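What follows is a group of structures, each given as structure tokens.
Shared between the two complexes below is chain A, which pairs with chain B and chain C, respectively.
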Partner chain A sequence: MNGVLGIAGYVLREAASRKFILAFLLGVTGVLVTLSLSLKIEVVDGALAASRLFGEVMDINIRAVDVALKPVFMAAAGIVFYGGILFGIVSCSDFATSLLSPGRIEHLLALPLRRWHILAGTFLGVMSLALLGSLYGSVGLVLIFGVKTGYWTMGPVISAMLACVSFAAVYSVMLTTATIIRSAALCAALGGITLVAGIIAGFRTKIAPFIEEGVSRELFKGVTLVLPRLSSLAKAGMDLAASTPLGVQSLTMLLAGVFVFGLGVLALGFWWFEGRDY
Partner chain B sequence: MRQRRRGLWLVFAVVLFGLAAWLMLSGQGEEEAPPPPKVAFPNRMRPAERERMEKRRTYVAPVVDAGTVAQQQPIRPSDPILAALPRGKGKTAVVIEANAIRHSPIGEMLLECLMNREGAELERFKKETGVDPFQDLDRMVLTDDGVILSGNFGDDRLKNLLTSRGSTNYDYGDSARLFEPPVPQQRPDGSTRRGGPQVGLWNNQMLVFGRSADGVKEVIDRVEGRGPDEPPVISESSTYGEMYGVLSSEQLKKLFPKEQQELAARLAEVAENVELHVDASSDFAMTAQVKGPDAAKVTDLGKSLGGALSLARMQAQAEGKTEMAQLLDFAKVRPDGDEFKLELAVPLEVIKQQLAFCREQQSAQNEKPQEASPTP
Partner chain C sequence: MPAIEVIGLRKTYRRAFRSGHEALRGVDLSVPEGSAFGLIGPNGAGKTTFIKSILGIVQPTEGTVRVLGGSPEDPRIRARIGYLPERLHLPGSWLAPVFLGTVAGLKGLKPDKAANLRLLERVGLADALGRRIGGYSKGMRQRLGLAAAMLGSPDLLILDEPTDGIDPMGRVEVRRILQEEVQRGTTLFLNSHLLAETERLCDRVAILGNGKVLREGRLEDLARSGARWVVRFAPGVDAGALGAAGFTAAGTEGQYHVEAADVAGLNAALDKARATGALLMELKRDGQDLESVLASAMGVAA
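Showing the complex of A and B:
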């Protein structure tokens, strides 16, 4: 286990040294600071009476704060979910390939580590990074709106956690790809394909009737059965952020399913990595 | 050994994929979740309502002063009910589209409930008057001075009933007949025996109930073009929704409960009148447009009202009244200069739940005779 944590720490140190990640953190901070300084909100007895962004009146309707903020939190959850995954795909695509690059992998294999420790450590490191980033952004957003309106909700934070679990499924595919071909571009491409496939899988019941009945429809249903339902999780995250009723039957099971899919792909990566010669 | 451990990872992966598929299938479900409720607020006239408005322009008032400029203008038919409405500021008139409400989902539920409870009474009323309220009644107007009904009132039984009250009746204007009740009489015990309201029947299509004969005559005068030149309190363009009208601030004050009299007094002070529109075609959605001469005071009132609604919603949430909280989710105030629009809605499902007691009572009544009857 120490080996896994050691590799995870190594990944985090590597991330900290990259200007790309630093720029991301500065960007999120900038958005939060700008929002807190430029947004003026007037609340009367729990109703949002007026809101101004950069001095411009935003929404003239007077309604309960939590109802008025629903679209804001939903949009924020959507941006955190899809934007976070996309950013993660791009920024983390070369972590695994650089760890598995010639010279470095031989050095790692010479250490008293099992092979799967290297992959599991990389996965853990990247996931810690994603968790910290999403927590930073979502807690900041909740704090800003909480202080300004007096309405406190954990919805956006929970929604950000859902985005992390979804990214775990996507990153496991990228990591496994890196064990087969050491190409950051290919890793990112497969991460992107997984994201798109995950969006489609979330809408499988809506899409299926448009496919010709028979083998093709059953094939579509069969393939999307295994794929992570990322769009469903994104929708659930948006519902949670806005404190609206969930559209899924059981969020826990859906969440566990997406995470277990990630573990399954990771296990496939372990199997392949164990058999490779370096 | 290493090969065996490697094989285990593959088996593990397959098991995990199977587990993931089952978890996701159970978690998401195969059935699509119903879309979130959406309420359409009555904010403008819809094509069907425009068509309804045009069809109601049926009456051409006779020209009184021949040879004047007025005669040279093209004669435009008008809606007699709108013409009958009071004129000027500070007046109240609320039109209930009885026929439209009766054919709406809410109306059908209410009708079912009413028939279960008062079915026999309604049948008796139909027999005595020849008027079927569910078929013959088109609109009902509530004003400060009385009630105006429009529809089909041509049955002789109704006229006979009105005449048989011992009232004097006489023709008035071009097409109206007035039925005046007998003078109130003092009973031996000191109480007064009232003779009922003043009634006017216009053209067999409008019944006017008023407190005084003069009030009823004024209504008939307005319909037949002898009223003041001012426009009616409800314009044609405002005849949308299943219920619409204008409430004077004084009338509005009376509608507020005792605990909200402070807000009611403020509303009466700031607003000149309130224009109401209710849509019952699917859900029950209401818009109330509050207008006043002082824009700042109107905006402040809008904020207070928004705050009151928000507090009511929070209270409902805290007390676990989820239906009420959902209902108030749709509540909002939209300020716009010297006026603001308040939107409130009750989803149809909530109304169904509220009226469930009526069905339960009926099914309980249906079951009772079965229980009482001896089994063969």
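Showing the complex of A and C:
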């Protein structure tokens, strides 16, 4: 287990030295600071009386704070979900390929580590990074609106965690790809394809009737059956962030599907990596 | 117990849609504990594949590999090995002490910043501690790789081209460090294209060619060319008479070669030469340098 933590630390240290990741953290901080300084909200008896953004009065009706903040949290959850996964795909695409690059992987494999430690550590490191980033953004948002309106909710934080779970499924594909072909571009491309496929899988029952009946439709249903329903998870995350009833039938089943998909793909990557020569 | 024992090692790289490449074709090799062992051979001989096989980085197709009395797959065995790969890829944005600390952690060593700094000073990087690795020259990276390999005072050092990119003075320093390690009891396994370096550092050598060990043994035994002696006579010898006595001209004036199975045979040949009036000035066993040994092993005229 020490080996896994050691490699995870290696990945986090590598991430800390990347300008891209630091720029992202600075960007999130900038948005949070700007929001906290420029947004003035007046709450009277639990209702939003007046809001000013950069000093300009926002023309909205007087509504209860929780109702008024629903679209804000919903939009934020959507941005965190899709934006976060997209950013993760781009920024984390070369962590695994860098560790597996010629001259580095030989060195790592000669250290007293098990081969699976290297992959598990990379996965753990990247997921820690995703978790920290999403927690930072979502907790910051909750704190800003909580302090300004007195309305406290864990919805956006839970929604950010769902985004992390979804990213785990996407990253499992990227990591497995890296064990087969050491190309950051290919890892990012397959991560992007998994995201798009996951969005389509979430709408599979709505899309299926538009496909010609017969083999094509059955093939579509068969392929999308095994894919993680990312758009459904995103919808669930947005509902949770806005504290509205869940639109999906079973969040547990959705999460189980993502878990099984990610674990299956990772198992394939681990198996391949164990037998590969470098 | 040998530090490295390899029996019947074969490695065939299989590739999809292409015929496989047989890199090692039944290698048998034993590296004694505490020795400084050099592996030499031309490009494509299978040297790097051999090194990767004894570290478990490449999985043999056939044969057995035992390192330090165990399997190289065992992390406890690998914890006792220090390895410097041929082209070590270092994280460019890190500082050397941080890199060394991380490798020490992955090796399961207790954090010891002072020891790491001493090691960096020992390999000549004391002045570059505050610089990012990305700004290091090739030689400095090699030195850092060497420091990483020596972390935890391993029992076996496997170095693939350790002085590649290091300037001549630096090579002398690295050689001194490696000699100190061997004196400490470490087994040194060296793969270097620089034959002079192998000659200076190693007491045993194996020549790998076409995936097989062509010759292996103590350096002086390999360099010795059997029963041939070099003899130099004073000017004015009778070349014809010397030829009749079994001497062949070596090219340089007064220098001859003679074959003698033992000391008695050598003295008999010398007596014959002196009987022709030749005066002996110098006598030595005809030795070869490593380059000649390699060339003759590969079947190429030196």
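In the analysis below, the second predicted complex is superposed on the first by the 277 of 278 C-alpha atoms of A that agree within 3 Å, B and C clash if a C-alpha of one lies under 4 Å from a C-alpha of the other, contacts with A are read in each partner's own complex, and residues count from 1 in each chain.
In the analysis below, contacts are C-beta pairs under 8 Å (C-beta built on N, C-alpha and C of every residue); 3 or more make two chains touch, one makes a residue touch a chain.
This is a predicted model, so every value here is computed, not measured.
A.B. asks: In the superposed model on chain A, is it clash or fit for chain B and chain C?
C.D. replies: Aligned on chain A, chain C fits beside chain B.
A.B. asks: Check the contacts made with chain A and report whether chain B or chain C touches more of its residues.
C.D. replies: B
A.B. asks: Who does A:275 touch here: chain B (first), chain C (second), both, or neither?
C.D. replies: In the superposition, A:275 contacts both chain B and chain C.
A.B. asks: By the touch definition at the top of the document, which applies to A:67: first (chain B), second (chain C), both, or neither?
C.D. replies: first
A.B. asks: Looking at A:228 after the superposition, I want to know if it touches chain B, chain C, both of them or none. Which is it: first, second, both, neither?
C.D. replies: So A:228 only meets chain B here.
A.B. asks: Now for A:106: first (chain B), second (chain C), both, or neither, which partner does it touch?
C.D. replies: second
A.B. asks: Could you say whether A:216 touches chain B, chain C, both of them, or neither, answering first, second, both or neither?
C.D. replies: After superposing on A, A:216 lies clear of both chain B and chain C.
A.B. asks: Per the contact definition in the header, classify A:244: touching chain B only (first), chain C only (second), both, or neither.
C.D. replies: first
A.B. asks: With the two structures laid over each other on chain A, which partner does A:9 touch: chain B (first), chain C (second), both, or neither?
C.D. replies: In the superposition, A:9 contacts chain C only.
A.B. asks: In the overlaid three-chain picture, find the nearest pair of C-alpha atoms across chain B and chain C and give that distance in Å.
C.D. replies: In the combined three-chain model, chain B comes within 10 Å of chain C at the C-alpha level.
A.B. asks: On chain A, what residues does chain B touch that chain C touches as well?
C.D. replies: Residues 275, which sit in both footprints.
A.B. asks: Which residues of chain B touch chain A in the complex?
C.D. replies: 2, 5-7, 9-10, 12-14, 16-17, 19-33, 36, 302-311, 313-314, 328-329, 331-336
A.B. asks: Which of the residues in chain A end up touching chain B in this complex?
C.D. replies: 44-47, 49, 60-65, 67, 116, 202, 205-206, 225-226, 228-229, 232, 244-245, 247-258, 260-261, 263-265, 267-268, 270-271, 274-275
A.B. asks: Would you pull the chain A residues touching chain C in the complex into a rising list?
C.D. replies: 2-3, 6-7, 9-10, 13-14, 17-18, 101-104, 106-114, 275, 277-278
A.B. asks: Quick check on the complex: what are the chain C residues that touch chain A?
C.D. replies: Per the touch definition, chain C meets chain A at residues 13, 52, 55-59, 75-76, 78-79, 81, 83, 85-91, 93-94, 98, 102-103, 105-108, 145, 148, 158.
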